[in-house]
Structure formats: C-alpha cells, structure tokens
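What follows is chain A paired twice: with chain B in the first complex and chain C in the second.
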Partner chain A sequence: MMSEAPSEAPQEHKILFTGTMGAGKTTAIAAVSGIKMVKTEAANTDRALFNKATTTVGFDYGEVGLEGGHVLRLYGTPGQQRFSFLWKIVAKGAIGVIILVDNSRPDPFEDLAVYLDSFRQFVDIGGVVIAVGRTESHQRPSIDDYYHHLAERDLMLPVFAVDVRKSEDVLMVLDVLFNMLEVSDAESV
Partner chain B sequence: MISKNAAQLRQDYGQMLTEQLDVLAANAGILAAQVCTSDGFEVAATRRTAESHRRLAAMVSSMQALGAAVVEETELGTYRNLIIEGTEGKSIMMAIPGTGGDLLLTVVANAQLLFGIFLILCKNTCEAMSLRLSPAD
Partner chain C sequence: MRELKISQVGLSAADLKRFKAVMIAIVSNRDVEARWCMGEPQTANLVLVSPDSDVARQFVADPARKTDQVIAAVVGESDSVDFECDKLSWPIRLASLLELLQRVESRLPRGDSTSAAEVPSAPERNKLVQLAKLLRDVESGDDLAWRINGLSDRPVYVAAQDKSFVFEDSLLHLVQFDPNASLEMVPITVSQVPSNDQRRPIRMLQWLVGLRSGRIGLLPWINPDSTFRLKQFPEFQLLHHTIEHRRIAAALSRPRSGVQAIGAATQLDSSIVLAFVNAASLCGYLKIGDLGAAAAKPKKTSVGPRRALFQVFRRALGIASNDV
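Let's turn to the complex of A and B:
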C-alpha cells in the first residue's frame, strides 16, 4: 500500500519515469496504473540499439489512486536522447523522477549519468530514485557499486533492484520517492 | 508497415523521396519539407540544415504519436494528419498512405499560401510517394 499523500485535500502529483530505451518505463507504468494507459508508441526501426518492436516517442501516461482521493499521475518519457527536447516539456510540474537503469546494457553508469544530468533539478531537491532492472541476469554492477558510483559524484540517492513487471516493486519505488519528497518538504518548512 | 531502418530507406528511396520533396518545394510558399520514420529518423529532406531536420524528425515523431493518441481517445477513426499554425506560417504532418503510419511527411509553408492549396499539395505528394514505395518494405 502506498503511503498517504501529505495533504488532506485530494491532490494530484506528477511523477516521471525515465531511462534508456528498453529499460521498462512503459512496463512499469502499466504494472501499476489504475486506468487504461495512454501510450504513444511507434515502430522501432533502430533494432541495433534495442531489439523490440515498438518504442515510446511521445509519452506514456497512467495513474495510481491513493488513500484520500489523491492521485499520482505517472508519465514515462521516451528513452532516446534525440527526444531530450520532450524530457523538459514532460518534466514541467513534476515533483520527482524515477530513473530506470538497464543493468544488461554495456555501461549502465554512463546511461545513468545522462539522466542524472538531464534531470538535475530533481536530483538537487532529493526527488530521484534509481531503479535497476535485469539484475538477475546481469549482477554487475551491484547495487553497492551504484552507491559507490553515486558517492563519487557526491550524490546520495536511493537505489533498488526492481522487476518492473511486478506491481509491488514499482509501488515500492513510488512509495520511497513519495516519502523522500515528504521528508524534503518537512525539512524545508 | 515498414520493416527497413532509416539508413536502408535512405539508400533505397532517398533519391525518389528527395525528388518528390523538391517538386513540392518548387511551389510558391513552401519553405521546407521532410520525410521521417515514425520513431523519429530523417529519411529525406529539402532545404534547412541537417541538424534542423534531425531535431524536427524527433519532434514530428512525438507530435504524430500524440495526435494519434488524441484521435484514439476521442474515437475519431484513424489518424491522418496534424496541422500547426503560427503567425508566420504553418506546418502539416501527414502519415504517408500504405506505410501503416510508419513514414511521415512534414511540410512547412509561409502564411501567404492558402490552406486549401497547401493541403492538396501535401496530399498529392503523399500519394506520389506512396505509389513509388514497395509494399514489401
């Protein structure tokens, strides 16, 4: 069960899922959305980058209902950097970001750096959680390696191994992000 | 449906598509034109810089997908095109028939070109391209 949103009046909160193509952004939102998802997919002609039939080129959209009538609006970005113009547009009004990292890719740290840099404004307010996928088949880098890597960048962000096909994993990450934002809010009061 | 990637499409159809775009661009009021894949890769273009076309291809891909989502949400049938107007001109983004929506034509025109003429020119170009694309691709 997700934590209850901080305010008593029903509120809507916008959260982004970002990460490389094929990291599982669409799957993650589909795993938890309580409404029929909005998908903007196109045929993937770049099979050399990732061998899947379709790829998100606009954004994905889903919703998660919370206790008290609060709603989390979940937006998934396209992964490829040629769509970075859209990252900024979709990020407007968001309170936090979940960065999905595909551990099977050649250099997950390099991938992570792209999104940490592109969504720096969320890193600065403690509004980022890192969710690492495909760790069962690709155990390196380990979660500890991620923490060491972040420490080298003077960052303290939570990192979890997740299976985005499992709703409980995605809800857990959302819960962590939401609690981080609550703490951040409380500290800024 | 198109099964080739942008590089293969450029190799096989780049010249034909560019010729069609040049014919279109020869009309008064047409400022630029481009064909791209639905996932945002430029295949052929006329005028403007290569960098501008690469960026535009990605934007058109997103816009087209969002337009198609709106068409589906509002039960308007099958997505055909998207029109954008600015104070200095207009742009149209059309799915090229016979490609399953996988190839998109984008055309930019000035404000003086009448909208009806603009639309017919773009549709004619789409049809001419469609006739020359192999269904097997």
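Let's turn to the complex of A and C:
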C-alpha cells in the first residue's frame, strides 16, 4: 500500500469500485474521472440474471490528475462473480474500496457479504465505504437495516444511499473514504 | 451569558493541539462563567503567544492591536518574558488554562462581549433546549404534532406519527435560524399539519436544530465524559453539512471517551465538535454511554502520515468547499 504524500517522482494511487453487475461502478467512475473512461465491456451473457445489454468483463478505468504529475486511478471490478479471480489482481496496491450495492437485487445483504469477504483486508482497516443504489425505487432493506446487518457482523462501516449518476454523491463517498483512512492511519501511528 | 474569544499566535502544532483539547474539556465541563469561543487574534479577548515565535512577537508589538486584549505567553515555570503579559505554564494543562480564563473573565468588564448578539439569552436558550428535547422525543412515534414559530418567517410543522416536518419554503431559511429568536412550540392536531408534498424526514430538522444548539454547549442531557460512537453515519447526502462533519463522523466510527477525545482526534474547534455531537445525538446516529474498555484514549498523534496525500486528492476532486 502506498503511504506517502506525493514527492518528486510521480506516484500512482488506486481506489477500487466493486459490486454486483449493474450496481453502477462504471457510472460512478465516470462521474468523477478526469479522463474519458476506459471500458472493457462485452455482451452480457447473464441476461437472465441481470437485464443489461453489456457488462464489464475486464475492468473499468478512470483517473484523476494530481499535483506534481501524480495520478489517482479509479478501477471498477468486473461485476460477474465468475470474474472474481480478477478482483484480487485489481485490488493489489489499492488504498481503499467502495462497495456498490444494488438495492433492487433479490438479496442485497448476500451480495454485500460476498464483497465484504473478498475485500476483508480493507474492511479490517476501515478502508471501505458502502454505497447503496436504487433505494428510491426499492426502499427495503433500509439504510438502518444495513447498519443492523453490519452490527451483527461486528462491523461499523459507512453506508449511504447514493445516486451514482450524481457526481456530488460519488465525491461525498470518496471523501468519507479518505476520512476513514485518515482515522485508520492516526490510530495505527 | 457573555461570549469571550480566545486565540493564539505562534504556538507549535503540538501545543496548538493540546490547547484545543484542553479548551474542549473546559467548555464542555462548563467550568467557566463566560462562553469561550475560538476567534481571530485581532479580535480575541485573550491571545496565547509563544515568545519564541517571531510572528507572535510582531503581533504583540503591533500598535494597532486591540488595547484591552489580554496576552498570555506560554512559557516554562522559570522562564521570563521580555514584554508585558500574563503567563501560562508550558505544557498547557487544564488547571492552569482554566485559572487563566477565570482570571481574564474577572478582569474584563462584563459588557465586553465581542458577539453577544449571537449568543442566545437565557429564556431563548431554554426554548432552544426545549425544542431540541421535543425533537429528540419525536422519535417515540406518538400521534402528536406541533407548530413551531420563530425558526423562520414561516412556521415549521412537526408530525411525530411519520417522523416528518413541513416547511413551505427553502430549507436555507432554516439553516441559519436566529438563536435569539423567540421560539414557540404550539401543540396542534395531526390534521392541522399541511398535507402537501413538502414533507421532509424529521432528521433534517433534528440535525439543523442540533447544530445550532451547539452555540450553547452540549445539550444538558449529554454527559461530556461519556463514551461516544456512531451507530450509523449521518445521511450526508440528505443533510446540510460541512466537510468537518465528515471528519468527525469518521473519527466516531470508533469509540471515543469524552468530547475532549473527539476534539483531539479531529483537531477541530470545540464549537464544531459540540454542534456535531448535539446534532448526531438528536438524530439518533450516536451511541452515548459506557462502551467499556474499547473506547479509544486520545492518541499522541492524531494526524496520520497520509493526511497530506488525501488533501491532494480532495483538491484534485474539488472537495474543498466548506459547506456541502
């Protein structure tokens, strides 16, 4: 994990957006990326599971230019679980993870559990924020329910109802992630 | 209650952190007669200075400086200072700073308040606490409703049943309501609450009133020495908040023993911390009580090594404005 403020040599910093297919990873990255996104989309062969024409099979990529030529790289993992072998590869060197949950799915808690388990090392340091989408049309489980669910797992992580099409929502989630990581840093000094 | 301002010039980062933490403890324990707030050196009633700092020496020597301002040099017990001033023993301790504040309070004329108009007088203060209590108890879900006058030109209607409120105007009119306004809470029937599309979640009103009540310190039912931890994060996507509130929330994702520890962890002004605690408490976001040995004691260092890096991220992403 990178741990220093930018110095002379340009550095890269990585944040991961993960979640089920259709949760909005591509949209979230596009909302804040400073460049035209790189998408690795292919025809969706899981139409029975999720009705969208294309889905990400490699990973999405966006970036934000920083002072001194440094770069903040934003990666979106492929949503389909059969590509989960890629998650660990993409996660290597990341500083934090945003888990996007689609509240319209049959069992959002089960979805969440998959990602909490897969990115356990980030959960352990408080480097995770959970962003729940489609809460307007699907109000259950509520955000309160998510906190109860996390408490049962003895976890306290930020959970927000977001609309990833709105850049202010994505920026808020990113800022909370930065704050969580700062707290984690300070506690470990 | 008169409001007095305290500031500093030239203190080291470590001394500044300690100063803020001690101030939070003094303010939250209500050990002083006046309401002490952080202010700018030019207008403060009391300014702590480091005699080793060139900036501080220039400030003390500035002929345009406020004449009735008390200057206190932060020095070791046996050190002398070559300009006329009070002394505050280094390192800054609660007892010595408290003693200095009380000395300054007795020295300054009671009419010398820098912004007394902003501090609610006793009756208004009581009304604000009453309103906070009403909103706290709204969570019970009773079949009750109120019309609240004085928060803005238009009344605010509160309906306990569905934990909502109605305000037929922009919420911006409520964000900075006048704490000196004469508040009135009139019980009404549920049918008297306007039934329109303006119903908003009660948490938005609880949050705003909680933040404004920070001006009078912690709400009376909150013990400043309790252990604090968030049950859930404030719904920032919904609530009028500042980036400092996100910082406090992250700090409170772990248990903190006393409001002093929250201030130490965030390095924020006590008034911001107290306002957040009041607001989060009213909204039910905060767990207050004895959480046992897990509560984090204030750390020697509360700034992590990547703080500068995250600030670079924020600037690049445009997360810089204070009001969000």
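Of note:
The definition used in the following text is that the second predicted complex is superposed on the first by the 170 of 189 C-alpha atoms of A that agree within 3 Å, B and C clash if a C-alpha of one lies under 4 Å from a C-alpha of the other, contacts with A are read in each partner's own complex, and residues count from 1 in each chain.
We take it that a residue touches a chain if its C-beta (ideal position, glycine included) is under 8 Å from a C-beta of that chain, and two chains touch if they have at least 3 such contacts.
The shown structure was predicted, so the numbers you read here are calculated from the model rather than taken from an experiment.
Looking at the shared chain after the overlay, A:Phe160 reaches chain C, while chain B stays out of its contact range. In the superposition on chain A, A:Phe83 makes contact with chain B only, not with chain C. Once chain A of one complex is fitted onto chain A of the other, the partner contacts of A:Met172 are limited to chain C, with no touch recorded for chain B. Contacts of A:Ser142 after superposition on the shared chain: neither chain B nor chain C is touched.
A simple residue count on chain A separates chain B from chain C, and the partner touching more is C. Common to the chain B and chain C contact sets on chain A is no residue at all. For chain B in complex with chain A, the touching residues are 1-2, 4-6, 37-41, 54-55, 57-59, 61-66, 68-69, 73, 100, 102. Those residues of chain C that touch chain A in the complex are listed here as 229-233, 235-237, 243, 246-247, 249-251, 253-254, 265, 296, 299-310, 312-319, 324. Considering their complex, residues 38-48, 55, 57-59, 78, 80, 82-83, 85-86 of chain A touch chain B. Every residue of chain A that touches chain C in the complex is listed here, in rising order: 2-6, 13, 32, 34, 64-67, 70, 72, 95, 126, 143-144, 147, 156-162, 168-169, 171-172, 174-176, 178-189.
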